Amino acid sequence: MRKLAWLAAAAIAVIGAGAAEAQQTPRKGGVLRMTAPYSASFGSLDPHTTPRAQDDIVNKAIHRTLYNWDTAGNKLALELAKSVSTSADGLTHTFKLRDDVVFHNGRKMTADDLIWSYTRIMDGSKGYPAARYIRIIKGAVDVEKGQAKEISGLKKVDDFTLEMTLTDKVEPGYYFFAGSTAILPREEVEKGNFASAPVGLGPFKFKEHVPGSRVITEQFDKFYKAGKPYLDRYEILIMAEAAARDVAFRNKEIDTSILGPAQYVAYRADPQLSKGILEVAEMFTRAITFNHDAKPFDDKRVRQAINHAIDADLIVKRLVKDKAYRATSWLPPSSAAFDKSFKPYAFDQAKAKKLLTEAGFPNGFEWELTTSQNESWGLPIVEAIIPMLDKVGIKVKPKLVEATVLTEILMKGEHKSLISSNLTGPDSLATLRCFYSKTPRTACHYTNYNNPAFDNLLDAAAKEGDMAKRNDMLRQANNLLYEDAPVWFFNYNKAVLAYQPWVHGLQANPTEITHQYPEDIWVDASSPAK
Amino acid sequence: MTAPLLQVENLRIALASSGTTFDAAEGVSFEIGRGEAFGLVGESGCGKSITALAIMGLLRRPLSLASGRIVLDGQEIQNVSAAEMRRLRGKRIAMIFQEPMTALNPLSPVGKQIAEMFVLHQGASWRDAMDRAEEALRQVRVPSPERRIRDYPHQLSGGMRQRVMIAIALACGPDLLVADEPTTALDVTVQAEIIDLMAELCAAKGTAILMISHDLGLVANMCKRVAVMYAGRIVESQLADAIFARPSHPYTQGLIDSLPRLGERARRGRQRLTEISGVVPSIQAYPSGCRFNPRCPSVTDVCRSLAPDTTALPTDGLVRCHHHG
Amino acid sequence: MLIVLARRLANIVPTVVAVMALVFLLFSVLPGSFISGMNEDGRSTIDPAVMERMRKEMGLDDPLPERFAKYMINVATGDLGTSFRTREPVTKLIGVRVWPSLKLVFAAMLFAISVGVTLGFLAALRPGSLIDTAAMVGAISGLSLSQFWFGLMLMYLFALTLGWLPSFGYGDGGLRNLILPAVALGVGPMALLARTTRAAVLDVLNADFVRTARSKGMSERRVVEWHVLRNALVLVVTIVGLQFGSLMGQAVVVEKLFAWPGVGSLLVDSVFQRDMPAVQGCILMIVLFFLFINTLVDLAYVAIDPRIRYR
Amino acid sequence: MQLKGGSSLWIGGGLVAAAILVAIFAPWIALTDPVMAANLMNAEIPPDWEYPFGTDAQGRDIYSRIVYGARVSLTVGIASQICNSLIGVTLGLTAGYWGGWWDDVVSGLTNLMLAIPSLVFALAIMAILGPGLLSLVVALGLTSWSFSCRIARAQVLSLKSQGYIQAARILGYSDLRIMFTQVLPNILGPLIVIATLGMGGAILAEAALSFLGLGIRPPFPSWGSMLSEARDQIRTVPWLSVFPGLAIFFTVLGLNLLGDGLRDILDPQSTTRRT
């Protein structure tokens, strides 16, 4: 409980800081040197081809999507449309598009561009990752299978009015805000060199890409938000190696850095550096996914025992250095369906022992746990768990794999258990679908959890039009997960971005902290970058 | 008698090895007159080559000159500065080495290696020096020197290479030529040619020769006087003619007996060649007393305890043996 | 000269084919696949049915020998395939990495040669002296250093503490960004070269022809300039060639640490992303570079050593 | 001789012997269990009397982990070099002995191994086998045998040209017996030198692979993985990296010195000079 109160206080502190900054007058001009910390290169600058968080850092500067995450309001908001109206059956949405959106090549964006972009994503021979979002539009699957040329659910009413019919009653924002659903100018894409010279409609124009090193973008003066962007130049520098990033940040060669637990402690302890730390509870839940097809994880008591046997609070505090919030159940605290009255599983090895004995494992068992090397949700966590579980007789044998193959292992169901970080937002319904018994394993149902009561709740929630009632049902479903413990609930990520004192206007984006909308960022005159 | 060209007096050469020093040569004394050919004979390891190196000032660690005097044309050279020694080397005393295969730089044309001498000692320009190198090659009777001058050592036969070495050594008309086993590595047929060439050129230029060899016959043919070295000491020095007629030291006798020579062969009938029994002692284990005593056929007790001093011989020579005196 | 070149070039083709066959074989059993190459960290997925269809269309289910034959034919025509990850031609992907890689490797080698050979020479000319002992202790320590640790130390010292150089990245491709990674990469070859050069020079200094040179009345300095340098060079060139050739591949750690956009960091990334066409392309590049440098070394021998021409 | 006299042999031998002794007697020297004795309450304690090298992020005693890590690092070094020697000698002996097409195949393979930088090759093998001790041994043991192969082959050819092998054959010795009794003893010296120097290289390669994320299987410690994990905290928590760093440095230094010293004794003609 104390933990949650603290969490709320922290959230307020972050918002408060943002408000204080907003009172200053943003300065025009200057350069921001953002870091891309996740991988040693960008996959592609063609946003449709890439599902990667790393690439979205660039996409946010050059491209835009129909919806956006509104950090101040902590909700999804229309970006390329002024308004939307929904039909009575909740399936057809009519978007009034902005009429002041101009591509970097000078052409105005119209409804045709949305239709073309969404149709391109459904090209079945290319396997564009965003197809999983666009499939919600009626007729999109036919295009993917090659049975139709046009998506029947998309209709252009006039240049700035788009009618979109969906297959399900969902909030479209969840589907059309991912970077991989960006609206692209057809004529530029068809030139065939788009990934090397992307043209978008975002606040910054592409200038240079040195693969493996950096992307440089320049202010676009016809951006549709008045007076923005502030920066002359927005650079994204690749720096995957945390130790090197630390040196570069302290050396003022970069303006932002992502901190891991170890550096988080060091930066908080430093009187100067501690002034430039942005924290946000991201929508990621770290957990050990049990494969319920494999013994002994088919037994609820075993899973509960493990949840009791590990002192997760201690790990969060000492090893993760408070760079996370202890997980209660699957949905993160930022979800409307999060139940604040629940307490996480208590650390109680006696109870764990008892549960194990009841389940028929009085002496524990041997357990192969697949893990990556990630410092926040990989090997170090497993190393800390090993001696804890040893005390209740469970012998953990870690199996180290590369982070890249984790998903594939999960999809194939080759694991007995696997520790990973899972995206659990912002669409709580879609997030919980990962435990719906009819969801195929390959589409995130990695546990093979099966509880009819849970299925019923989800079915009802999907049909429910009233958001408050729907959230109520989702809350009950999430609480069911708590009870059934299909995973070991570890923590919700606290993403930490360090920034230099001259940087202002950063947003605490809970979907991914590095996904900054750069038009809001400005630097004051003390920035050394030119 | 005029002052000799080279006087070597009481030379002692030390070998430093793991903390202690040994005498690689000691009490070595001899003189060479102007234009004279002098022979220094002995088995390998007896100290004749390091004596030559000492004269050239080329002793390198772990060898060093411990004491003694080397006088060249009235000037003591054992202690002169390195720069002064360099001026003498090549210009006034030159040296030819045993292995013509390795004694020439494999990566440099032979003409250039000769020409270096003119550049170094006579301040010639490279172009001028190359012309003179060609002339020098002609003098040592290398065929078509204008072409050979650009050849690399590996393109020449062993004999040719040794001719190049002679050309280098005699390039600046030195007073003394030190020839360390100049023909040992060559074919027998070539050996005589090289020796003749050397003798002829030296005679023409008035150059004295210090001929170092294990081959007493060869040395005796070429030289007026001969010194025989054994285990770091000169055991006998004599006129060449006399040494064959009346060898004074048992070791010299042994050397002569082991020589296969056509003329001798006929006179001695089918008698087998005799060899000196035993082996040359290693430098760390020289026997006390006369160092030849373990192998000497006429050894007595005094030989084992007391090192013999030199005794003058009637034929203007010296011998180091207890049985002469 | 031409014969050496022709013989070398004739050797390159079978070596390349063999290397690529080996790579093909190795990576055909690599866990994780195409799918991992297109996804990332469990954050989103492509529809499995679509994936399967793409696999078929890309011929990934064909038998290995058939795929290999196709690949080699494409390679012969300059086509290295399409990257799973970026969906761009691999030639393009690698093309932009080659120049930074070459810059790093050449700079590292320049450092290694200039410092290593100089130290080796100085040490050999005064064996047993203070400079000899210091150089050799330094060299053997240089060989005992962990590369990434040394790189980090360089960063801390020259970027953070002294503020002389940028700590990371390619920047605008200028010299300042090049220095630290080049030193980090070059320290191993430098140490090796110092040791080899010393040994080589000592060998040459004991050679008969050096004694001949001395007997000519040459100063030590001239002996070294006229006779020792070139001969020692023959031995040094061998080591330089071997080190140089493998340096592009050895650069993976330094490139990763310093965020240097070379072939090595692309290779590591591609291995982790299971981007097979890119992995193959990178290894091909690295091997070609090795063979190219070896050809250069052979030509250098011919230029330095007249004996080789007539063999 | 790299350092004066036999000092490199003695210093190197001493350092290596110390590392080996530590590895052998690890259970007696270590203060705690390297894996299970974790207590997060004791995380990152600086060196003191109780924890001579401090503790790591998991609250484990770094001294004990280094002591046990010696086992892993030395095992990787020794086992991989045994692999390399076995492969190299077998291929080299048979290639030189039988000649013909087999010789061509082996020399082709040798060229191949030279053309692919060993780190790249090891990286590929580690990716395939996945992290772990055995994978490391295989990855480092399969990738640098070309040198011992060449020496073995050259020795066979030289004995062949001297007629030894012909003679042994006439005496009715089997091929295998000739290889082992006539050839092997002649190359043992250079092989030991190569293997000693190679061991140092393998320990460094293990560290490099750990850095790239392909090291030892956790949670058992290796020096390379300890150093690699501590790299973000070199400044803030220096003892995490200092001690494994020193352990690697002195062991590899010892191996290099020992190799130099052994070369002077075992390989005076220095066929291994080119390393």
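Chains here go by letter, A, B, C and D, matching the order in which they are written, and residues are numbered from 1 within each.
Definition applied: contacts are C-beta pairs under 8 Å (C-beta built on N, C-alpha and C of every residue); 3 or more make two chains touch, one makes a residue touch a chain.
Model, not experiment: these values are computed from the prediction.
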item: Count of contact steps on the shortest path from chain A to chain B; value: 2
item: Chain at the geometric heart of the assembly (C-alpha centres); value: C
item: Result of counting contacting C-beta pairs for A-D and A-C, higher pair; value: A-C
item: Most distant chain from chain D by Cα centroid; value: B
item: For chain B paired with chain D, centre-to-centre distance based on mean C-alpha positions, whole Å; value: 52
item: CA centroid of chain A to CA centroid of chain C, Å; value: 39
item: Inter-chain centre distance, chain A versus chain D - centres from mean C-alpha coordinates, in Å; value: 44
item: Separation of mean Cα positions, chain D and chain C [Å, integer]; value: 22
item: Junction residues of chain C, two or more chains touched; value: 31, 152, 156, 256-257, 268, 272
item: Of all residues in chain D, the ones touching two or more other chains; value: 127, 130, 213, 231, 234-235
item: Junction residues of chain B - those touching two or more other chains; value: none
item: Those chain pairs that satisfy the touch definition; value: A-C, A-D, B-C, C-D
item: In the complex with chain D, residue positions of chain A that touch it; value: 242-243, 246, 260, 262-263, 265-266, 311, 314-315, 317-319, 371, 373, 379-380, 382-384, 386-387, 390, 398-402
item: Footprint of chain C on chain A - complex, ascending; value: 38-41, 43-44, 46, 49, 51-54, 124-129, 131-132, 144, 178, 180, 195-196, 210-214, 237-241, 243-245, 247-248, 250-251, 253, 401-408, 410-411, 420-423, 440, 442-444
item: Complex contact set, residues of chain D against chain A; value: 35-41, 43, 57-59, 127, 130-132, 213-214, 217-219, 229, 231-237
item: Chain C residues touching chain A - in the complex, by the definition given at the top; value: 31-33, 35-48, 50-51, 53-54, 57, 85-88, 92-93, 96-97, 100, 152, 155-156, 159-160, 163, 166-170, 173, 256-262, 265-266, 268-269, 272-274
item: Touch list for chain C against partner chain D, complex; value: 11, 14-15, 18-19, 22-23, 26-27, 29-31, 128, 133, 136-137, 140-141, 143-149, 152, 156, 192, 195-196, 199, 238-239, 242, 245-250, 252-253, 256-257, 267-268, 271-272, 279, 283, 286-287, 290-291
